[in-house]
Amino acid sequence: MYSFTNDYSEGAHENILNALMESNLKQSSGYGLDEYCEKAKDILKNVLKNDDIDIHFIPGGTQVNLICISSFLRQHEAAIAANTGHIAVHETGAIEACGHKVITVNSNDGKLNKEMIKNILKIHNDEHMVKPKLVYISNSTEIGTIYNKKELSDLYSFCKENNLILFIDGARMGSAITSKENDLLLSDLVNLCDAFYIGGTKNGALFGEALIICNDNLKEDFRYNIKQKGALLAKGRLLGIQFIELFKDDLFFDLAKHANDMASLIQDELINQGYKLLIKSPTNQIFPILPNKSIEKLRDKYTFNTWEEYDENHTIIRLVTSWATDKNKVISFIEDLKQI
Amino acid sequence: MYSFTNDYSEGAHENILNALMESNLKQSSGYGLDEYCEKAKDILKNVLKNDDIDIHFIPGGTQVNLICISSFLRQHEAAIAANTGHIAVHETGAIEACGHKVITVNSNDGKLNKEMIKNILKIHNDEHMVKPKLVYISNSTEIGTIYNKKELSDLYSFCKENNLILFIDGARMGSAITSKENDLLLSDLVNLCDAFYIGGTKNGALFGEALIICNDNLKEDFRYNIKQKGALLAKGRLLGIQFIELFKDDLFFDLAKHANDMASLIQDELINQGYKLLIKSPTNQIFPILPNKSIEKLRDKYTFNTWEEYDENHTIIRLVTSWATDKNKVISFIEDLKQI
Amino acid sequence: MYSFTNDYSEGAHENILNALMESNLKQSSGYGLDEYCEKAKDILKNVLKNDDIDIHFIPGGTQVNLICISSFLRQHEAAIAANTGHIAVHETGAIEACGHKVITVNSNDGKLNKEMIKNILKIHNDEHMVKPKLVYISNSTEIGTIYNKKELSDLYSFCKENNLILFIDGARMGSAITSKENDLLLSDLVNLCDAFYIGGTKNGALFGEALIICNDNLKEDFRYNIKQKGALLAKGRLLGIQFIELFKDDLFFDLAKHANDMASLIQDELINQGYKLLIKSPTNQIFPILPNKSIEKLRDKYTFNTWEEYDENHTIIRLVTSWATDKNKVISFIEDLKQI
Amino acid sequence: MYSFTNDYSEGAHENILNALMESNLKQSSGYGLDEYCEKAKDILKNVLKNDDIDIHFIPGGTQVNLICISSFLRQHEAAIAANTGHIAVHETGAIEACGHKVITVNSNDGKLNKEMIKNILKIHNDEHMVKPKLVYISNSTEIGTIYNKKELSDLYSFCKENNLILFIDGARMGSAITSKENDLLLSDLVNLCDAFYIGGTKNGALFGEALIICNDNLKEDFRYNIKQKGALLAKGRLLGIQFIELFKDDLFFDLAKHANDMASLIQDELINQGYKLLIKSPTNQIFPILPNKSIEKLRDKYTFNTWEEYDENHTIIRLVTSWATDKNKVISFIEDLKQI
């Protein structure tokens, strides 16, 4: 049985485990105030070509989302997200538990644009409604799509004009940046949003996300909020060590590219065979629409999630590849597809 | 420079790292629904001699505290803690951020007893005040002391009579259970409180706490609350793998005992030399009162925290030993103490 | 200038003011523990033909909504509401500020039915999403429609089968119960939901809502939650006095009927004149679709709110009548309509 | 039976009821956007000799406290209060329910000074603890004492130097300002704190507090927060009408002075008779220490609260007079005291 269920089915890239081994018995300060985190921050500032950013390493993505929104917003302010947005759907109301409404916008491709947000602002026009204040987007999105440079620039300009914070969930930032269709550099992001994060968990780390706060106004006292939400890891060095390895010799990008390439192999084959897709994805999550009978057969050898019912006889499934996906398994999967 | 600052200055016991290595490329389900977590739960149920408990693995201690209190209490209910209690002091208002007041009781030894709580109940007698509902204790406490079996039994009886939940923060449960003065078995705890946890972070794991919910009424939907607070680790297997190793061949107990023994060496020497202590500690945290000048000299070779000012010329310091503390360094420290 | 903007433009029915005058200098206990509140509860229990209910008087509707939801739900549980529901739209995120997500369902008539909720339950199937636990409906709804007995019975049966709490926002319960189309008795409600309230603010009181908790499981410690949210009025007697008057000689019903009748006069005329409506309303809020030019002219003499744009040349407006609406003004309005 | 239990046992001054009567059927806008509230704000700005303040009328004191703290603070920031402070004791954790810790300081006279706060700041020195940000004081305090001008000036200077917000709970501001020992003008307060309120509920209104926000940085979007917490009264005019009357011909001050005078009569007599007091109070709450037997006898004719046990045979009681206290009853009480 081989899993295409998600991109966190395996442990971590061996470089990371080796680095943990090597550093294991060295003593260091707790809570991210250690030399490894410092070094990782320096490396990231170099990659991002900017010294004037604050970097925080946080164990998980839901944590980053809830800490940022809780720290950035006043109590009556709300986040805007696509209806597919992770904070709107799959975080068990984490944002609401911090007191903030998530206003959702229906989006076919999982992305937001300024027209959608303009509409939200128009409706929310007095104190009887929450005040929209933060725009939450994901790149790549929850359905595999990505923002190009123009889309992101337009969105951020609109946000700045309207006094909105633009926050990018980058749990799968690696897959976005290494997508064939991408025209953004990781370093572009520093100028195209107020805060974003670079996901390690889904790209070869055991766990860990690197949050980059670009907007000076959002930097103050951020560590208090990390601690309050229980996300200030005692052995914070574990995060620093991992990000040092991820950004050594472009490992981060190589791992993400591998995941994308594996997904691409499958998606291209599906298109060749005439299957329809929920959406054509340029990243490591793909969403083919398959006959229910075929799905049943594939389940003999593979695990994956169903996304939603398409019609009586067809279902949209979600296949996810990762940094660790075995190309041979991908080839077998393609063979099996052909035979179904 | 050697650190006695805390018990999370190093990585993890090598067995744990090796196990992470070995399992690294095996695929597993996410979010703690994997075979490793299942196995770790079985092992713990065996150790605790009880099948009728719910076990959840959670990355950090502050998370366990806030998730439990948020899940167990209604909005108007409050926790009672010693003034030294971790939730009262060093979690940046994590409990309050979940909406609950922490009522503190002054305690000289870091422990609570039924008289203290009776007093709180007497005062909180109508709906203009919060309703005390959960008693939070730590074992070992934040100042190194431990509960013996009678104390804990008395406290739990009182709690049950008064419809209070007894919750034990076991971030340093290893040090308590392996203390020379301890008369509790780990398996006793299942019958002496409503929920408790067994800390891995401070006893040889990279991170991770095993929460045991004993009271059936507190079990429902607990995973929702873990997820909502951002503590449902994607690669939950990391927690399972670590707890399997910790409870193989009594490693957990051996590690904790080592830490206690190292602290004991230092504390005994301090007593011999006539130093006073904040309190005599039977575990891995000790609190000597030293002349400020001596402290200054020790800082040339050692790092540690100050606890609080004792008088103009003396300060209470906090020395913490760990599973990884080097006995040679302890001996050197003792030598240096003698020469000061 | 005459206002059809809402049903709280005037003060209170004179009986209420007189009763406040008469009782003014009598001393009573604070916080609703006075003889007036006791008497009002007895009267309501009589009206509702049930002694086994808990009654709480609370100054405002948003308060009742947020206190109930905060008191009834655990932190990971969510409310379901129509997209037009007051808690979903016009309470500035009050429910989210208490930590709970409001799941919205699109509804054309402002009402919920079991099919809609079944759908929500189907989607929310694991701990990565909030757990739907409370169904929030309004009667009459925010667009003037009402539930008949069968609809409400079906909905409540479904809720009970699925372990959901049914809560009815009755800010305009008077208008619902006295609607010509209504087949419910006020006393039926005790058996058709878990909690509901009877609005005074919008039906002749200065302010005040009577919350009825029918389900025993929801009764415990409710006053703690009222106090915590700042809604335990020091001079709680003001609420008791008002509800005594409202339920003396059917005043409550007479006032509501008057409001409905006034709206009916206008709506019937609009239909006669061939105007379209957003929806045909059997209560005191009506939603005609008028040419923008006509609206402009009406604004010379009347104030009212626009609901939403209908097309380039037409807008849906909202006209609200009240217990105090002057029939002469209604007749003038109708005349003015004819001439436009 | 006559009540000295509190200062909200009666209704409202007759001028207020008359004004409600007169305005009753005039239509006005909802939610405090009416001409009465506008006029009341103008009057208050005149009384306070300042146009550059924001004024909001809010039904109750607990509401003002929780809305201000929730609106003014970020999530990791905390309030500092005396151990007797209303928010710390008698609001059922309202502040914590908004996510904020209340740090308490033991104070013998119910007041805070800069030394106490300096101490708190010293202890709260990193992100593992909440960040003290707002100083909450009451004037008059919960035990009847008042701040003089120098005390308040010193405290506010310290707050400004340390980037702390000074907020004054003025539920009993009338009693403070009209105390014989007072040297503050109501208009001084605008320059001596960041926000304060003037209590109507306990000084002759049916209900209602006037919040004054002096610090520009705290003004933005405040109405959103009032609405979110359920405190934006639909018929907001009720608050405006009451404050117009309270500040017509110094009624507010006359009523408060009467309450103080009545308490003074009793307290002076108690002192004459040699009774001890918890504290000598210059306002309308007094705290005599009486033999339990005397208390029992007094309870035949009077109701009042016990404050706390003094010793086996004595109890501290709390007597409260109000704007409506009958001087004849005070004289009888004094007579009864003499005979006991």
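First chain written, first letter: the chains are A, B, C and D, and each begins at residue 1.
The criterion applied here is as follows: a contact is a pair of C-beta atoms (placed from the backbone, for glycine too) under 8 Å apart; a residue touches a chain by one contact, two chains touch by 3 or more.
All figures in this text were calculated on a predicted structure; none of them were measured in a lab.
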### Summary
Greatest centre-to-centre gap (Cα means) from subunit A is with chain D
### Task
Report the inter-chain centroid distance for subunit B and subunit D in whole angstrom, where each centroid is the mean of the CA atoms.
42
#### Entry: Distance from the mean Cα position of subunit D to that of subunit C, given in whole angstrom
33
#### Entry: Inter-centroid spacing, subunit D versus subunit A (mean Cα positions, whole Å)
50
### Task
List, in ascending order, every residue of subunit A touching at least 2 other chains.
75-76, 91-93, 97-99, 127-128, 130, 224, 227-228, 232
### Task
With chains as vertices and touches as edges, which is it: line, ring, star, complete or other?
complete
### Task
Sort out for me which residues of subunit A touch subunit D in the complex.
31, 70-71, 74-76, 98-99, 127-128, 130-131, 221, 223-228, 232
### Query
Which subunit A residues qualify as touching subunit B in the complex?
2-3, 5-6, 8-12, 14, 17, 20-21, 23-30, 59-63, 65-67, 91-94, 97-98, 201-202, 206-207, 224, 227-235, 237-238, 324
### Query
Which positions of subunit C touch subunit A when the two form their complex?
75-76, 78, 89-93, 96-102, 127-130
